[in-house]
Amino acid sequence: MSVLELAGRALAEESARFAGLGWMRGTSGNLSVVLGRDPLRVAVTVSGRDKGELTSDDVVLVGEDGLAVADQPHPDKVPSAEAGLHARIAAVSGAGAVIHVHALAPVVAAEHWPDGVELRDLEMLKGFGRAAHDDLVTIPVIANGQDMRVLGDAFEAGFRADTPAVIVARHGIYVWGDDLRHARHRLECLEWLLRFRVETRLVGEERGVR
Amino acid sequence: MSVLELAGRALAEESARFAGLGWMRGTSGNLSVVLGRDPLRVAVTVSGRDKGELTSDDVVLVGEDGLAVADQPHPDKVPSAEAGLHARIAAVSGAGAVIHVHALAPVVAAEHWPDGVELRDLEMLKGFGRAAHDDLVTIPVIANGQDMRVLGDAFEAGFRADTPAVIVARHGIYVWGDDLRHARHRLECLEWLLRFRVETRLVGEERGVR
Amino acid sequence: MSVLELAGRALAEESARFAGLGWMRGTSGNLSVVLGRDPLRVAVTVSGRDKGELTSDDVVLVGEDGLAVADQPHPDKVPSAEAGLHARIAAVSGAGAVIHVHALAPVVAAEHWPDGVELRDLEMLKGFGRAAHDDLVTIPVIANGQDMRVLGDAFEAGFRADTPAVIVARHGIYVWGDDLRHARHRLECLEWLLRFRVETRLVGEERGVR
Amino acid sequence: MSVLELAGRALAEESARFAGLGWMRGTSGNLSVVLGRDPLRVAVTVSGRDKGELTSDDVVLVGEDGLAVADQPHPDKVPSAEAGLHARIAAVSGAGAVIHVHALAPVVAAEHWPDGVELRDLEMLKGFGRAAHDDLVTIPVIANGQDMRVLGDAFEAGFRADTPAVIVARHGIYVWGDDLRHARHRLECLEWLLRFRVETRLVGEERGVR
């Protein structure tokens, strides 16, 4: 099995998990893993497929522009337009894997706090790579759009190496990590944190948290 | 395996999925696929069966009036009364498959916005076949009733080719597409959108969205 | 396989389903089927067992007083104290099966409407055996208690043959039907209806529904 | 299979169950069973592993200080820092098993009632080992922190033998019992109770319950 196929299999397995959670409705969302750095080579799930039914073949190799590279096993397969943002995130952050899903809580949170969602003094932040105490974490929120360069610029403008996620308003969330499992663990924890934030919103406002 | 049996198997598989989500309680809801156009022939799930346990036999062939056609393998099986609305939707919209389920979010949304549920500037609208920006989508809401001709007239009066869904107030939702998977993908996305709308209702009202 | 074992197997299968939904936490809840009428003989799930792991042996045969009858395969097994209410419901209603679970929505609904939960003009009422229009359904709410005769009296005082359910306040719900599947279908529909009622509570109050 | 491996297998099975419920996100949470009393020996799940994928080897034997004992099959495996609180709870309460998960409802409840969450007159309290009537149960809430001795002192200061749980604010919950299943049953019931309390919070406040 080639490295690309192995990546495809891992992407398919993780996608099926998220589809089962209702986080990849229709054909939405995409996952990627970095296969090379110089030049950047990212294996991304194909566009337009049911994310609960991917196979190890449903993967495309893209470069730093998010476009399919010339020489690959399935030249007919099309990467998602969002592959460009995956590649940008991988390049800027150094992450080995990027997850983009449409979990509901992040999008609801961004609707409440469009300038960024603040999280602080919560144990689950450790699962996001931050401290459980006295460490204000702000999850950036960027405007939605269809031009991945514009989104990439907005992401990069708000990028902090210690905050491996960005919410796209009225759209979904990107979370990254060293590998797929690492990124998933961070996503699992962040989704919990954002859901907690939304469910306790009025308590938080009484205490003066933005 | 006959075309009708193949359709029955696909209907059973999709029904089991929706039953598992709690969207087909008791024996409620029904799914259909179009098998012929001239005259219209629609394969519909049978009435009165647990939708989590259908087999490929639990299907009835109906005509444009929603009544079982004369010549079919299981003349004893009864189509749902709602088969008439399935056939009407298939005839008017040209859809190849229609899904009717009792997901909660659409019915709650219709309770809040009985004149139609407006959705706009949400990425997930692409999974419903619309644009993510500057495209006001109004999901029609029609009154519930037991006469499928009345419901069909109400559906047709509000029909727009670019809006493949209608909510029946205090009842459930119909979503359609080219085939069962296409219709399901649209439903998955629309259910997310309606849940988002309900959960952010007060934010929306502050911003002046109906 | 004896009739009691067959009943036990059916009870175990349905219990596992409800346990998976989180409606039978710990060892709570119990299900029953009527095996004889004269005298009344009811097969009830045993007390104190994890309801997700019952076997066909985890069943006790009780009489109209809810106590284990003298002659049965597992004389050491103890029926739930609530078996008395199962038997009472079976005797009064003529039902063939009774389901008692701790789904959350019914208990929350009873907290809001302690004098009975009104449901009207909702399609899902058909799955509960009532009409979708112009048919006011009131789900009775009775006070919790440990004396099954007191609960049985309260149930019987509010009993209507067309309303096959009763909520025990701050406790759970009983739903019955001709057989286990029938009772389950009614419960599935009623749980949806009560959840809908709770989620649209403020809309309902604006419209003057109790 | 050694006693430690048997414990590891049981811990892995229960962990997978909680992971499936979303109560052990990322690598968070830990479970333990007591293997000896004099001196105290507790088998605890290892730190840093996906709790949905543990094997019978992913277990560490710790003493009353929560540190790994010298002689064990996998000396390279590291117990969670929280093992110290597991051991403290086991020592103080005499419990045979302790469960620590990050279910959402307990943390939301603690945000509303930071001085303790009161539960009373609810049938489900029986599944937590208390009475269904006239028995005020207060689930203690202690401040979060990283020093397990401080948390242990706070736990012990609020310990009552009849209340086998403590919520760590903005963190998660600990529940204990005679064995893993007993502790899980109590957790299942308590999670239901706390969710009920949160969902009916405003009703409760109107009635003067704290």
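Labels A, B, C and D are assigned to the chains in the order they are written; within every chain, residues are numbered from 1.
What we mean here is this: a contact is a pair of C-beta atoms (placed from the backbone, for glycine too) under 8 Å apart; a residue touches a chain by one contact, two chains touch by 3 or more.
In UniProt terms the chains read A, B, C, D = Methylthioribulose-1-phosphate dehydratase.
In this text the structure is predicted, and so the values were computed from the model without any measurement.
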Fitting on CA atoms only, what is the rotation between the copies chain C and chain D? Please report it in degrees, nearest 5. 90
Do chain A and chain B, two copies of one chain sequence, contact each other through the same residue numbers, with over half in common, or through different ones? different
Using mean CA coordinates as chain centres, what's the gap between chain B and chain C in Å? 31
Could you tell me the distance, in whole angstrom, between the mean C-alpha positions of chain A and chain C? 44
Touching two or more other chains - residues of chain A: none
Graph class of chain-chain contacts, one of line, ring, star, complete, other: ring
Residue numbers of chain C touching chain D in their complex, please. 22, 25-28, 50, 102, 104, 107-108, 111-112, 144-146, 168, 170-172, 198
State the interface residues of chain C toward chain B in the complex, per the touch definition above. 121-124, 126-127, 132-133, 181, 185-186, 188-189, 191-192, 195-196, 199-200, 203
